[in-house]
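I have placed the structure first, in the form of structure tokens, so that the comments after it can refer back to it.
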Amino acid sequence: MVTNTTTKDHKLALLIIDMINDLEFESGDQLLKYALPAAHAIKKMKEKVKAEGFPVIYINDNYGQWQSDFRHLVRHCIDGDSRGKALAELLKPDEDDYFVLKPQFSGFFGTPLNILLEHLGVDTLILTGVAGNMCVQFTANDAYMYHYKLYIPSDCIASADKKENDLAIETMRQVNKADVRPSTDFSLKHF
Amino acid sequence: MVTNTTTKDHKLALLIIDMINDLEFESGDQLLKYALPAAHAIKKMKEKVKAEGFPVIYINDNYGQWQSDFRHLVRHCIDGDSRGKALAELLKPDEDDYFVLKPQFSGFFGTPLNILLEHLGVDTLILTGVAGNMCVQFTANDAYMYHYKLYIPSDCIASADKKENDLAIETMRQVNKADVRPSTDFSLKHF
Amino acid sequence: MVTNTTTKDHKLALLIIDMINDLEFESGDQLLKYALPAAHAIKKMKEKVKAEGFPVIYINDNYGQWQSDFRHLVRHCIDGDSRGKALAELLKPDEDDYFVLKPQFSGFFGTPLNILLEHLGVDTLILTGVAGNMCVQFTANDAYMYHYKLYIPSDCIASADKKENDLAIETMRQVNKADVRPSTDFSLKHF
Amino acid sequence: MVTNTTTKDHKLALLIIDMINDLEFESGDQLLKYALPAAHAIKKMKEKVKAEGFPVIYINDNYGQWQSDFRHLVRHCIDGDSRGKALAELLKPDEDDYFVLKPQFSGFFGTPLNILLEHLGVDTLILTGVAGNMCVQFTANDAYMYHYKLYIPSDCIASADKKENDLAIETMRQVNKADVRPSTDFSLKHF
């Protein structure tokens, strides 16, 4: 059962969606092209967020591997020499990072994510990761319905298709009322 | 995303609730007394179930340790020389066993359990574990509302208090329409 | 979409579970015997709660009648001269009372109840109604997992069987940490 | 509790989203322009679907009116002489139509919709209504994660902005694998 630790009231959390990813699927190549610069931007964002003591949560597809741990997936991507190796190395989770395995596109669907966020006292989410028009947007939609404020830095989001990525970001700005300014403009003073 | 593997239509699944447990809490001692014989019965049940190719799912409290893996928890219980070491040794998960970490009493609350069960094509659950009047009963209630048929072998359920355990089993028989015959009566022909 | 009206921060809500009920089922007769005095106690509780401006929420089974409104159900129970007529007359909903139709035992399962409670700013629930060992207990379990504080006045709860009702109340006291003192002891100063 | 009536295995259901709507909000005027021809197309679709005995489900925003019934909302739109009167008259629910009130954009979020669809034995949804880039798309996303097959006839969907509507339809075609051919091409033989 959820214990009431001193982790309450973090207010802000950084979500890193599907970046621990072997990219071994069609269009994985194409996605990598855009995901790599996003990974660099997310890495910097992660440093800023952790410097202030805010939590970082990896949201990851379980790829139908219901018997696997997240740490196992990290090793698979790095040691397995997969297409996504560079991403996993850049964004290798720390011991104190959180993770949530999701069976579907949205990070909230069939997962404890909302319970974890309530446990951490979070009301604002920084969404980053891939793919912008799929898992990120589905997660943004649920986040919006749960009343989280959204910051979705445009340079921390990637999709296999640049135009679809831009459309997804524009939709999240309009429909989900997300702040989509690039992470280079980011300052914790916004929050 | 859920891949449609050949794991469909297993029909039956064995759920082992909170038996991977260091029991390092008040009344853990008392619970161990009843959980140990239950662990022996569950071990036999697990063998029968796996011999027929049905899936085994460990449902486990995350103990507020949102950064930990299930395999880590198993090692903690066994190598850490905890009060629950004997239970974890008897019921050590196999590589092909499934697991679901739950943040609350019910195995369905804030977890992908229902999605996993649909993925596996399961319609009947064998519920086993601890504590009978808490996590087992809460899980049984949700399972009932999701329309699963329930087999809750009375000798595979334990609570810190024998009388409360008996009451929980009787309630699950009446309210949740569970078959509660002991596992010694169990035959896959029932299913 | 949820509008942010001035209804926030009510803190306390009274839930009346399945008392709008034609009782036209086996053991309905038996249930009525205990539900009638409970209805009188709930009526008084409702008056006290409304006098302080707290919301009252009727939680009601939809009886598989997915095409019916709640107001229709109220009329059915009263005008239809059903076995449950006296209950519905005593506890006839006011225009400003809330209602939630549930497809299953728990008031939270497949309903907007938790969203409504968050909308109202509620953190403490007074649970009343029938049947104590079924819909009330299932609702209490979910409420507990959602971290609501529970007051379940023993004289406002009824089941077809007196002994089972007493057991359910005792279980909710122990497992769900509910205050179960009778409503005659109730004072809003507790909250 | 869900009763197992003879309504099982309908396979197909028509969902009509937010068309019972007073449109009394900014851009309601603009939305009406596109929603009116959509209403005519939905009306024809409804006739075809009902002729084959498939269920029709109205999914409707509760507009924060947690104390109101759906039938009340219908009367409000028609008798209240609202901007949305023509829509409500065209698509006035029949006695045997189902309805689900939703507190948020998605018809699945905090509602019994999925339970109702399972109860009806539905595996394919025809999504129609407004707004295409908001409630329809959010509902389509959840439907996709629940593994429903989707038919979203492009002429039965409207948004306040034509271009955004087209983008939403194209996204649902690509991401949610929806069939988006116009309803004029519709034949029950597809299913």
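So that you can tell them apart, the chains are marked A, B, C and D in the order they are listed, and the count of residues begins at 1 in each.
As a convention for this text, a contact is a pair of C-beta atoms (placed from the backbone, for glycine too) under 8 Å apart; a residue touches a chain by one contact, two chains touch by 3 or more.
Here the structure is a predicted model, which is why all the values come from computation and not from measurement.
Colleague: Count of steps on the shortest touching-chain route from subunit A to subunit D?
Modeller: Minimal hop count between subunit A and subunit D: 1.
Colleague: Which chain maximises the distance between its CA centroid and that of subunit A?
Modeller: Farthest chain from subunit A, going by C-alpha centroids: C.
Colleague: Would you kindly tell me how far, in whole Å, the mean C-alpha position of subunit C lies from that of subunit A?
Modeller: Subunit A and subunit C have C-alpha centres separated by 40 Å.
Colleague: Please work out the Cα centroid separation of subunit B and subunit C, and write it as a whole number of Å.
Modeller: For subunit B versus subunit C, the centre distance works out to 31 Å.
Colleague: Two-or-more-chain contact residues of subunit D, please, as numbers and ranges.
Modeller: 2, 104-105 - these are the residues of subunit D that touch more than one other chain.
Colleague: Contact residues on subunit C for subunit D in the complex?
Modeller: Where subunit C meets subunit D, its residues are 1-3, 5, 61-64, 66-67, 69-72, 95-99, 101-105, 110-112, 114-116, 119.
Colleague: Considering the complex alone, what residue numbers of subunit A touch subunit D?
Modeller: 104-106, 109, 133-134, 138, 141-142, 144-145, 164, 167, 171, 174-175
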